[in-house]
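Each of the next two complexes has chain A plus one more chain, namely chain B in the first and chain C in the second.
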Partner chain A sequence: MSNVLVNEKDIVVPGETLAEGMDNLPGEGTYRQGEKILAGRLGLAHIDGRAVKLIPLSGKYNPKRGDTIICKVTDINFSGWRVDTNSAYSAMLSMKDATSDYIQKGADLTQYYSLGEYMVASIVNVTSQKLIDVTMKGPGLHKLKGGRMLEVSPYKVPRIIGKQGSMVSMIKTATNCRIIVGQNGLVWIQGEPDKELLVVRAIKKIEEDSHLSGLTENIKKFLEAESGVKLGE
Partner chain B sequence: MVYKKRLDNRGFDEARKIEAKVGVIKKADGSAYFKFGNTWAYAAVYGPRNLFPRFLQDPSKGILRCNYNMMPFSSSEDRVRPGGSRRSKEISRVTAHALLPVLNLDEYPNSVVDVFIELPETEAGSRTAGINAASMALADAGLLMKDLVSSVSVGRVDDKLVVDLDYAEESYPDGPVADIPLAVMPNSGKITLLQMDGLVSKEQLKEVIKMGKKACNQIYEIQKKALKDKYPKHSAGDNNE
Partner chain C sequence: MNEDLREHIITLLNSDKRLDGRKPLEYRKPLNIEYGFTKTADGSAKVILGETEVLVGIKMEIGEPYPDRQDEGTIIVGAELIPLSNPNFESGPPGIQAVELARVVDRGIRESSTLDFKKLCIKKGEDIWRVAIDIVTLNDAGNLFDASALGAYAALQNTVFPKFEDGKIIRKEKTTKKLPLKNVPVSVTVCKIGSKFIVDPTSEEEKVIDARLTVASIEDGTLCALQKGGEYALTEEEIAQMLEIGIEKGNELRGALKNG
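And then the complex of A and B:
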């Protein structure tokens, strides 16, 4: 007889028993020990049909293929650029993925991307040894000039973006700033200096209140009060 | 002499007052403090992150580095000389050994998880408090873990077996004393740390382990509560992607 011992959205700690019996399947973040399914990390319980899963609440960014991330050039070598991904591993941006221009052998690569510059890139591949390849070829991938960078928990990124980008476009409308949210938890903001600071405060507020219900409504009120812009539906 | 009553009036199987909190250091990836009476341990976890020097990297899994440090003003006696010592090196090592069995670092090849345990105030039982804090901080950092680790020291004072010795008991003058710190994975009951300073009989040691496991289960409940309290009234939210 199957027996799930936790409720949906319960917070569980590593080693906590989630379900007993063989009728359920251990999903992401869980493991089976004999007849039991146990939690393999700190997270929110999520029951998906027969599978019991855990939604992570905290942790570093884990690079995945297809993610759009914001990264920073840390080194330049013969074949391309090494970029920091805000995770435990750095990524490689090869010359052919960086630009469609013809680059002469031995050319100065800093004219494309120089040390310390930020860019929006997409992850092409991640190997088992966590070697990462990124590309600049794709819609919306470009170098970031000016603005400011903000670091948030990668697990709060979906909250900051909102349903179909509703949250971030609301902030954009209220502050008239350009905002790019990378899946790796880096957020780039560009606009009027005081508006940039307002965006920072709004995003910090989303991060703190992300677990409370009525988040969109609260942030809307906050932005209307702070920016004086009336936000429609 | 017979040890009839504990020096601070606790029950023989009663630990000192325990306090625990998670998420106390903002900049760390995971953090927690754990207090046994006047022994305070703060733990901060950083990582998984890039590991240098490169020869330390392990391509098959991530590694765990622990650092145990008593602050200069932490002792009730002389000032502790700052920096590492023979003692702190040993404790760092046994702490890493106590925590490794629950950690799954296979997903993080060539990287490192750093655990820094700082003790601003100590009065016996510091390594066990450090392990408790570190295990909570590791869970808070979102690492893959099979279980938590709970730790307590059990010992013998004269003819009695007692849980969580304080400094006065550790230096009890009127009889033999043994101090046995142990760490347990509460869900499987497996022991990850067992050290001994002093003399006990085989039967006493068996009893010590039994008492330690019981105390660790109580500590586990406190650790669990502290971790869950970091996320108050976690409701579904209205915008799940």
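And then the complex of A and C:
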């Protein structure tokens, strides 16, 4: 369409006019102001039929249904736990989603999840008002004990995981650490102190070099040099 | 709240290691001081300590002396913890943290008597120079105390007097006259976690600290000021050890300072 002012994959900044006229629709990350569609954040323009969308390059995590995230208990009330999701909105973990145990009325809920504890949870639902429900029922969802937490940009998470988890499993092999990457940009690492540090360095390197080509090869070389572990194909 | 993190950090410290791979008594790198960062201030410096960044600006003002100190100038230190530097900081009037930071920096400089306040007097009982030191945190990744104190001194080194004529300051014209500085005060914050001491804590480590002691000293090891923080008490021996660490590490920090 002629009245779209940007090309596919152009880098756009907040407030930049992406399209003029009423032929197009504002999609994710964009908004309409009068006749124009403007960018709401920094990202790559993406034109999908009539909709003008934006793939964000930076910013906080935006909760989506089905995402597996790492969250932290911030409050306990009568019906369950309030958890921090590393986004602008907190989530609710209700009692029935937390455990299949029978919980007596008035029981001490801290025996399941206590304040400040981290857990891997899955988002069940996000309402239009951004009320989020998470669950602990599902494969691989559990409480996190020990280890350390690392915060990365949620938009780099796919790079850290790699195709079918290739990148993260390569780091695991090289360092013998347990690693869990949450979609919300929190990464949990547990292992030998030196190896934990190597994981942190590797992940920071991925974050920095994620736009360069041959990323997997570079990280593989880095890990082999630093850990002395020979990584196969 | 942070028991897991605390346990992890203590286990690491027992083998003389820290989360980021440093030794317990090691400062972060890079430690950089950029003099004259802003042109509008009479003196300024930006300190980069690891990921922590602090900007200090100095304005020379004319004021009236205090009634009991008729022939002395003075310093005023203000600190602003801007929300951009840490999500936990709120805009608005300075909170406890900001006031403490400003006071610790103030005391370090004042009690070291590096600035001869008598030389800041223009006319006894009427006009004095007031040195306003403003600290702005650009990024808080831990240890704002040491970075700010270092930045404040560096900014003082960088300061030149503006032109002063007929009771007024002419801001557009600067002289080449620098502030009369005698010695070099630096602050080192020594923290106690479990039974171990560390310097230059990161934000994560600051969350689990039992106690901290900010030690301000000058070149010859003379103590200028102390500030204790944190929930736990310190024994006499612990304080003695912390002072020793503070003075020793102070010399290291002093090495990062240049001549304005």
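Definition applied: the second predicted complex is superposed on the first by the 186 of 233 C-alpha atoms of A that agree within 3 Å, B and C clash if a C-alpha of one lies under 4 Å from a C-alpha of the other, contacts with A are read in each partner's own complex, and residues count from 1 in each chain.
Here is the rule we go by: contacts are C-beta pairs under 8 Å (C-beta built on N, C-alpha and C of every residue); 3 or more make two chains touch, one makes a residue touch a chain.
Not measured: the values here are computed from a predicted model.
In the superposed arrangement, does A:193 touch chain B (first), chain C (second), both or neither?
In the superposed model, A:193 contacts chain C only, not chain B.
With both complexes superposed on chain A, which partner does A:31 reach: first (chain B), second (chain C), both or neither?
Once the two structures are laid over each other on A, A:31 reaches chain B alone.
Taking the superposition on A as described, I'd like to know which of chain B and chain C A:216 touches: first, second, both or neither.
first
According to the contact criterion defined above, which of chain B and chain C contacts more residues of chain A?
B
Regarding the shared-chain residue A:146, is it in contact with chain B (first), chain C (second), both, or neither?
In the superposition, A:146 contacts chain C only.
In the superposed arrangement, does A:66 touch chain B (first), chain C (second), both or neither?
neither
So, does A:165 touch the first partner chain B, the second partner chain C, both, or neither?
neither
For A:21 in the superposed arrangement: first (chain B), second (chain C), both or neither?
Neither partner.
Under the contact definition given at the top, report the residues of chain A touching chain B in one complex and chain C in the other.
none
If we count contacts the way the header does, which residues on chain B are in touch with chain A in the complex?
29-30, 47-50, 59, 62, 102, 104, 107-111, 139-148, 185-187, 223-224, 227-228, 231-241
Of all residues in chain A, which touch chain C in the complex?
Within the complex, chain A touches chain C at residues 115-118, 145-149, 193-194, 197, 200.
Flag every residue of chain C that touches chain A in the complex, lowest number first.
Of all residues in chain C, those touching chain A are 1-5, 7-8, 12, 15, 17, 19-21.
Given the complex with chain B, which residues does chain A contribute to the contact?
8-9, 11, 13-17, 29, 31, 38, 40-44, 56-60, 62, 88-90, 128-130, 155, 158-159, 161-163, 166-167, 210-217
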